[in-house]
Amino acid sequence: MKRFQITTDPLSVDDVTARAAHPAAGAVTTFVGLARGETDGREVRYLEYEAYPDMAERQMRQIGDEIRDRWPTILETAIVHRIGRLQIGQVIVVIAVSSAHRQDVFSATHYAIDRLKQIVPIWKKEVFTDGEEWRSEGVDEQGHGS
Amino acid sequence: MKRFQITTDPLSVDDVTARAAHPAAGAVTTFVGLARGETDGREVRYLEYEAYPDMAERQMRQIGDEIRDRWPTILETAIVHRIGRLQIGQVIVVIAVSSAHRQDVFSATHYAIDRLKQIVPIWKKEVFTDGEEWRSEGVDEQGHGS
Amino acid sequence: MGENEHIRVRVKFFAAPREALGTDEMEIEIPAGSTVRDLIDRLRREHPVLDSYTRFLSVAVNRAYVGMGTELRDGDVVACLPPVGGG
Amino acid sequence: MGENEHIRVRVKFFAAPREALGTDEMEIEIPAGSTVRDLIDRLRREHPVLDSYTRFLSVAVNRAYVGMGTELRDGDVVACLPPVGGG
């Protein structure tokens, strides 16, 4: 079971939680990203995700390393991101972070999703009833900051 | 599907995530508590959880209300806690909090588990090879603070 | 109510005090006007084994936490709650 | 290496620029000693459709982000990465 993976298969939170398993773990936090049916008041029909899989998995592994450096209490990190066509309500990404106790798991999981949106080569296209658009947080299709 | 529940059945993170579903949700954070095999260096054989179920579900619902008051962006909260005998590594509790975006879900989920440990009538007994002990965070069996 | 009237309450026990007592519930008749504190004092007198647990005890009446001065009413369900340990 | 020596690199495209270009990969021969910037400038000249995407482009060589001044070597895999949008 890979701890960092790009996949076209549907995701399960239980599955990714299990990938962050550790004999000493007492607390796991997960972040689950879901496909939303609306952007800026516009109805989204479905999403298309694309990745550079080899590099994406390498970058997700780096996020795991960064977390271990920042929060030595963290035992394991697992990140699985789905690509391909995603229907509204489906799970896009699951991140799981385990630790003996709960103190650092929330900060570490928050950090993981923020970093994923910065450094992991994955792209999202929103498909509307009347067009489509590649989306990045803070930068629109033409590359202009928003 | 109850959003706040005490159960003797095994827990699924996917199931509790689904209980916090909302049409506008784009982010769900979960907290998963696992039975640990060790306390203060002593080996734990298994755990026994006991609850006052009616009141526990009511208190968990109150935590959901408190979260909505504190973080108006939160859409739904679900909390399911297992009772009875739990083997090491099994899931004790799952909390799921949903929102349109990720900004407040981590704080709200952290708040939920902290509050659960304060105000929800559930008790844990650790069973060792050579004895057993009721455990509360910060107070031992005889009620002395630690 | 007259001076000699009594009410009946149901008392629930959990965890360590439940085990010490050997029962999870009892029916008790107490004078009308009794408070939670009166009830707890009576329980301690009649069941000295409860003594070591009462210091950190919280009490709920009809599933809501209450203070020790709360006056009890006929039919109340009183829960004796040792420090909780969920999660 | 002599002045006229060339190296071959594989260039990968994703998302909007991939769609604009109509292909996700090409092999390109460039002079030895070329940097990432030299390669991107060459691509812009030969494929003006890429122009609007290059401003915010990041580049990875062999799956690691690199700066524009990085010198390319024969066999490198160069990925042109528009702003990412995972999660």
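For clarity, chains are labelled A, B, C and D in written order, and residue numbers in each chain start from 1.
We take it that contacts are C-beta pairs under 8 Å (C-beta built on N, C-alpha and C of every residue); 3 or more make two chains touch, one makes a residue touch a chain.
As the structure is a prediction and not an experimental result, all values here were calculated from the model.
Peer 1: Which chains lie in contact with each of chain A and chain D?
Peer 2: The shared contacts of chain A and chain D amount to nothing, since no chain touches both.
Peer 1: Would you mind pulling out the distance in Å between where the CA atoms of chain A average out and where those of chain B do?
Peer 2: The answer is 24 Å.
Peer 1: On a C-alpha centroid basis, what's the spacing between chain B and chain D, in Å?
Peer 2: 50
Peer 1: Roughly how many whole angstrom separate the Cα centroids of chain B and chain C?
Peer 2: Here chain B and chain C have centroids separated by 26 Å.
Peer 1: Which residue numbers or ranges of chain A touch two or more of the other chains?
Peer 2: Residues 33, 113 of chain A touch two or more partner chains.
Peer 1: Identify all positions of chain C at which a residue touches two or more other chains, and write them in rising order.
Peer 2: Within chain C, no residue touches at least two other chains.
Peer 1: Can you name every pair of chains that touch?
Peer 2: Here the touching pairs of chains are A-B, A-D, B-C.
Peer 1: Okay, in this complex, where on chain C does chain B touch?
Peer 2: For chain C paired with chain B, touching residues are 12, 14-16, 18, 52-53, 55-56, 60, 63-65, 79, 81-87.
Peer 1: In the complex of these two chains, what residues of chain B are touching chain C?
Peer 2: Of all residues in chain B, those touching chain C are 33, 49-52, 54-56, 58, 81, 92-93, 113, 116-125, 134-139, 141-143.
Peer 1: State the interface residues of chain A toward chain B in the complex, per the touch definition above.
Peer 2: Interface residues on the chain A side: 12-14, 17, 21, 23-38, 89, 100, 102, 105-107, 109-110, 113.
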